[in-house]
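Take this structure, written in structure tokens, and hold onto it; I'll ask about it next.
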Amino acid sequence: MAKRSTKRVISSYRLTHDGALAILQLGVARAVKIGKPVTITVVDGSGVQLASLRMDGAYVHSVESAHTKAYSAASVGRVTGATPDLGALKIGLATYGKLSLGIKGGVPIIVEGHIIGGIGVGSASGEEDEDIAMAGLKAINGAKAKF
Amino acid sequence: MAKRSTKRVISSYRLTHDGALAILQLGVARAVKIGKPVTITVVDGSGVQLASLRMDGAYVHSVESAHTKAYSAASVGRVTGATPDLGALKIGLATYGKLSLGIKGGVPIIVEGHIIGGIGVGSASGEEDEDIAMAGLKAINGAKAKF
Amino acid sequence: MAKRSTKRVISSYRLTHDGALAILQLGVARAVKIGKPVTITVVDGSGVQLASLRMDGAYVHSVESAHTKAYSAASVGRVTGATPDLGALKIGLATYGKLSLGIKGGVPIIVEGHIIGGIGVGSASGEEDEDIAMAGLKAINGAKAKF
Amino acid sequence: MAKRSTKRVISSYRLTHDGALAILQLGVARAVKIGKPVTITVVDGSGVQLASLRMDGAYVHSVESAHTKAYSAASVGRVTGATPDLGALKIGLATYGKLSLGIKGGVPIIVEGHIIGGIGVGSASGEEDEDIAMAGLKAINGAKAKF
């Protein structure tokens, strides 16, 4: 792909399904290791689902929370859970509930400064969810989260 | 039914409509006894409605709250209302409002360790709602809630 | 697990995440082989998502169509696409768009007569979508679809 | 209750939960007799759910279709399924999918000219669904449907 110099279309990166599946697999391996069943969801840079897996014993509702965390991390380009509670609730309501910044478990996928997706994990504690998402992130060489 | 050993399909239980109807009836009897009209909703293990009854005088909104409580109890496998307020609000938002852990009245239906459904009651006080849901649970032999 | 004789709780099966992931993998392998990128979604017996993968080049909207096809197959216990067009449109509307019987690509997962889930595939032709879903079904020993 | 003569508030009727439960029971009895598991839903005159039961073997999606049929019958005061197809689809879309006039199975509950609710049945054929709803209607003395 030629690098384009026009300001109207710029070069970027996209996460592939191989990448998304690898994230799921590393995440599941970590979840199994710590004995915490979770749902892991991976979204693209626009917050649209690329991949998801709900493990046996994960809460049914984690299908929803893993998605909102992944969406949130991809949207703001930072891990979730650092926003003060009241602000998180207000922006959550202001986005019809799409944005969930108040709880840990959402991790952005950032490659060379480009936010190319997000990983969301739900059903364990916030710390465990984030730990599992970070384990999944390792599937993408050079990808970084932002705290 | 043969017990299956493959890890890809596992044995489980399902709540029948006879069971769901029996839960409604015991719940209504209890609600009548204490003079508190409520909505009682029963969901399956994935949180989808099996049965519901809105009693005369119950709040219109209890159609919604009885459902979210039943869904929540089926999802987490514990009675609702024990989660600290702020945490309940945040996870509620993170699930598009589907999860309602902050108020009492949701009771899981657990048979031999399998979560096969949930009962949600709304319109009375939280304690009364839970009391009515627990009365309904008695319709299922050997079923237990978890506090 | 003891077989229960009461009519209020009956024995059944559940699809595990190992099973759901194996379905994704066989489905992706088939899609790669025929050169058609798709989204593959697996739901449980109540239509709630267990696993999903959107392949590179699959339509964005296939996140939605793969889900409605999987939900539909799990709900009616038959492959989708056999319902006459007008009927499919009407029942689709009557279910807030949740039911999508009018196009191929949804396949139920039936084990010993129990509908334990559904597979939905979207983004290729209806015939190819169904072919990929059927390839995925082979991951579950003894599972059958119904035409 | 005194009859009020002012035009600003008028006398009406309301369906009780005893009535709604009796409708469910007659409907279920009929469904069992003809061997067709269904979901039966009863709504009040404003289309809000009073009672519902999803029978074993009924389609998961019938939770939705039984509701839209009951809502539709209560809204228009006629049985569903008589509206020409294209008109039914257009008004269905125009109501965000809430109105489902294109398929049988919705029956209004009319007492002395007052529409006090609706019964919706889904999962069998349209004719069977309507038959079961009409069987349920008999629980309400003097109630009539309108074709």
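What to note about this one:
Letters are used for the chains, namely A, B, C and D, taken in the order the chains are written, and counting of residues starts over at 1 for each.
The rule we apply is simple: a residue touches a chain if its C-beta (ideal position, glycine included) is under 8 Å from a C-beta of that chain, and two chains touch if they have at least 3 such contacts.
As the structure is a computational prediction, the values presented were derived from the model and not from experiment.
Between subunit A and subunit B, two chains of identical sequence, the interface residue sets overlap only in part, with shared numbers making up under half of the total. Distance between subunit B and subunit D, defined via averaged C-alpha coordinates, is recorded as 25 Å. Taking the mean of the C-alpha atoms as each chain's centre, subunit C and subunit D sit 30 Å apart. Between the Cα centres of subunit B and subunit C there is a gap of 28 Å.
Along subunit C, residues 10, 14, 16, 18, 45-48 each make contact with two or more other chains. Contact topology of the protein chains: irregular, matching none of line, ring, star or complete.
The part of subunit C that touches subunit B in the complex is made up of residues 1-4, 6-16, 18-19, 22, 44-48, 111-112, 116, 139-141, 143. Those residues of subunit C that touch subunit D in the complex are listed here as 10, 45-47, 71-72, 74-76, 86-87, 89-91, 93-99.
Per the touch definition, subunit A reaches subunit C in the complex via residues 14, 16-18, 20-21, 24, 28, 48-56, 60, 63. Note for the complex: subunit D touches subunit C at residues 56, 59-62, 64-65, 68-69, 85, 88-89, 92-93, 96-97, 100, 102-103, 122.
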